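By written order: A, B and C. Residues from 1 in each chain.
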Amino acid sequence: MTKDQNDTLFDAPPIAEQERMVEAILFATAEPITKKAIADRLPHGCDVSEALAHLRKRYEGRGVKLVKVGDGWAFRTAPDLGFLMQKERFETRKLSRAAIETLAIIAYHQPTTRAEIEEIRGVSVSRGTLDLLLELDWIKLGRRRMTPGRPVTFIVTQVFLDHFGLESERDLPGIKELRDTGLLDNRPAPGGLMGETSQEDDDSDLENTDQDDMFE
Amino acid sequence: MPSPTQQDIEAFEQTTQQRVASEALLVDVDGFEGPLDVLLTLARTQKVDLRKISILELSMQYLKFVEQAKKLRIELAADYLVMAAWLAFLKSRLLLPPDPTDEGPSAEELAAHLAFQLERLEAMRRSAAKLMARDQMGRDFFARGIPEAVSQNRKVTYTATILDLMQAYAYIKTKDNFEPLHMRERDRLFTMEQALGRMRTLIGHAIEWGDLNQFLPDGWRDDPKFRRSATASTFAAALELVKEGKLEIRQEETFSPIQLKTKGSE
Amino acid sequence: MTKDQNDTLFDAPPIAEQERMVEAILFATAEPITKKAIADRLPHGCDVSEALAHLRKRYEGRGVKLVKVGDGWAFRTAPDLGFLMQKERFETRKLSRAAIETLAIIAYHQPTTRAEIEEIRGVSVSRGTLDLLLELDWIKLGRRRMTPGRPVTFIVTQVFLDHFGLESERDLPGIKELRDTGLLDNRPAPGGLMGETSQEDDDSDLENTDQDDMFE
């Protein structure tokens, strides 16, 4: 018995069955599919529009949604669950020496200007370093300094205090305490920060390298 | 002559069927998957449960099959002939009374194993058929047609401890006390003090504009590392002397030679 | 504030929401996905098993169903609706009798060696047959057998289970009866007299790799 004979001999399946069929087709097709294409696949006499309407309602508020794409129909992840389709790879990096020094200066000297940071570090502070600290929400802008040029100042944030386990900026150990703990020892800490050669992205460093080459 | 009994007729029909079957086997010999396959096909003509099969009868059927093949000059693969030899051996063992001095498995054990093999092969064939009759993906059921790719986001978390912070600050505050590490490691160094001392003695003679490298000490001009150090300190010393008002310095354009001359002498 | 802190600060979403999330994840992938992989993508503290149980029930009798495949989960269209998917049907090469039997022997006897397959079929297994099954990703290498020569073994894959709609190897048709009747026992020939199954040396096979016997 051919399919055509089937179609004319029997009535269309009940609407619940039509809905199942449309559901399976929408699930399995490799691209959005038009009503017409769905109808071509279904037994004769099916009401695709009604089946789609039922289906759309059934998937309301679910993890996937029946949507119209151009003149086709397709299942799509519910928009609020898009984050599940993103796999996040977490990577932990140690803050660069330029950043940690800049942060330390801001913490100990706040409110402090960029010029002051540069003076203390003896090298210029790259924009990227400050941006990173701002992005981490560890520093923020303070009041402008009432000096010529009215430069902005930087101060540390509550997030900074939380991260470093400090109740307030006053809890930062003073120079004397640092010396007492041996941190101000003149010898570079083995493998620690002090022993490292500066690898910051500051502009001044770049200039130094150039000059080295000039004299070769 | 007595008429044939019903049993005779059945026996005749059976042998006829067997003959027809074994002839079909010969025609089909290329279609067989080895001697075990042939044996299984022959066993089916016995129309009994494989567990009750007569291995003796089966052996004779198989030997007849090989014999006919020979008669019809059909080349049988070595496998089939090895099986024939083995079954001929088994047949004789099954027919003769057991030899008490004979070691190793009895003829019954060998026959039982052959029956097991046939039953197992048949079971596997049935299972294979059942497996293939299952609903199959891509034929009866389907996977998601529009899979959504999972995008990879890299998220970097920066960490620093309070100790890092304090060490960094301690380093900054005591930096001036350090003699920079790289300075200590260098031995081929012409210091600023040396250059200044040398320049002070030389400037009296620098009446005309002269290149900076002319003022470099002997033995510091060839090796680039020496030259670099001497150039830097001599230049710095020259600047110092300019500041003191004892020397003039000029450079035509970027990267052109730096020239020196005693101040006031024209 | 780091993500970890977040995770412990907030409870897992309600189970209905977890179900939506699992639904979205499973809809988005064509391959079965393990509970662990699902859990990795959900917020902390979700009960994947329960969400899956809810979901499986929800889709009962629908056009798509939630199936377990090995240790993975996936949505598949209901098998009775396969006729609607003419367009999605991919023509699998018709497998030869040798390939089908070899596949069945591996599935029912796994882990099994090439010599055992040959012992059961009473004929050597051509290299091409195993290659084809490996290429289809229906079989893979298992552990080496701890017998002289340390032969490799073959086992079936998740792709095999997925293709034949099996939850696990235990669901192979009739496997329990076969085991009960001893037909899956590894019964060696008494006295090792059966000479007809001793063509196990791979070299000869490599040479007469007649691919012909793979396809009917």
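We adopt the following convention: contacts are C-beta pairs under 8 Å (C-beta built on N, C-alpha and C of every residue); 3 or more make two chains touch, one makes a residue touch a chain.
Small disclaimer: the values here were computed from a predicted structure and weren't measured.
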Among the chains, which one keeps its Cα centre farthest from the Cα centre of chain A? C
Per CA centroids, the chain at the heart of the structure shown is B
In whole angstrom, what separates the CA-based centres of chain A and chain C? 38
Can you give the whole-Å distance between the Cα centres of chain B and chain C? 21
Report the inter-chain centroid distance for chain A and chain B in whole angstrom, where each centroid is the mean of the CA atoms. 34
If you look at chain B, which of its residues touch at least two other chains? 142-145, 148, 150, 157
Residues of chain C touching at least two other chains: 27-28, 75, 77-78, 81, 85, 88
As the complex stands, chain A meets chain B at residues 24, 27-31, 74-75, 77, 85-95, 97, 99-101, 103-105, 107-108, 120-122, 132, 136, 163-166, 172-173, 175, 178, 183-184, 186, 188-189, 192-195, 197, 212, 215-216
Could you list, by residue number, the parts of chain B that touch chain A in their complex? 142-146, 148-162, 164-175, 177-178, 181-182, 224, 227-228, 231-232
Within their complex, state which residues of chain A touch chain C. 19-25, 27-30, 41-42, 61-64, 75, 77-78, 81, 84-85, 87, 90, 159, 162
In the complex with chain C, residue positions of chain B that touch it: 33-37, 39, 79, 82-83, 86, 104-105, 109-110, 113-114, 116-117, 119-121, 123-128, 130-132, 134-145, 147-148, 150, 157
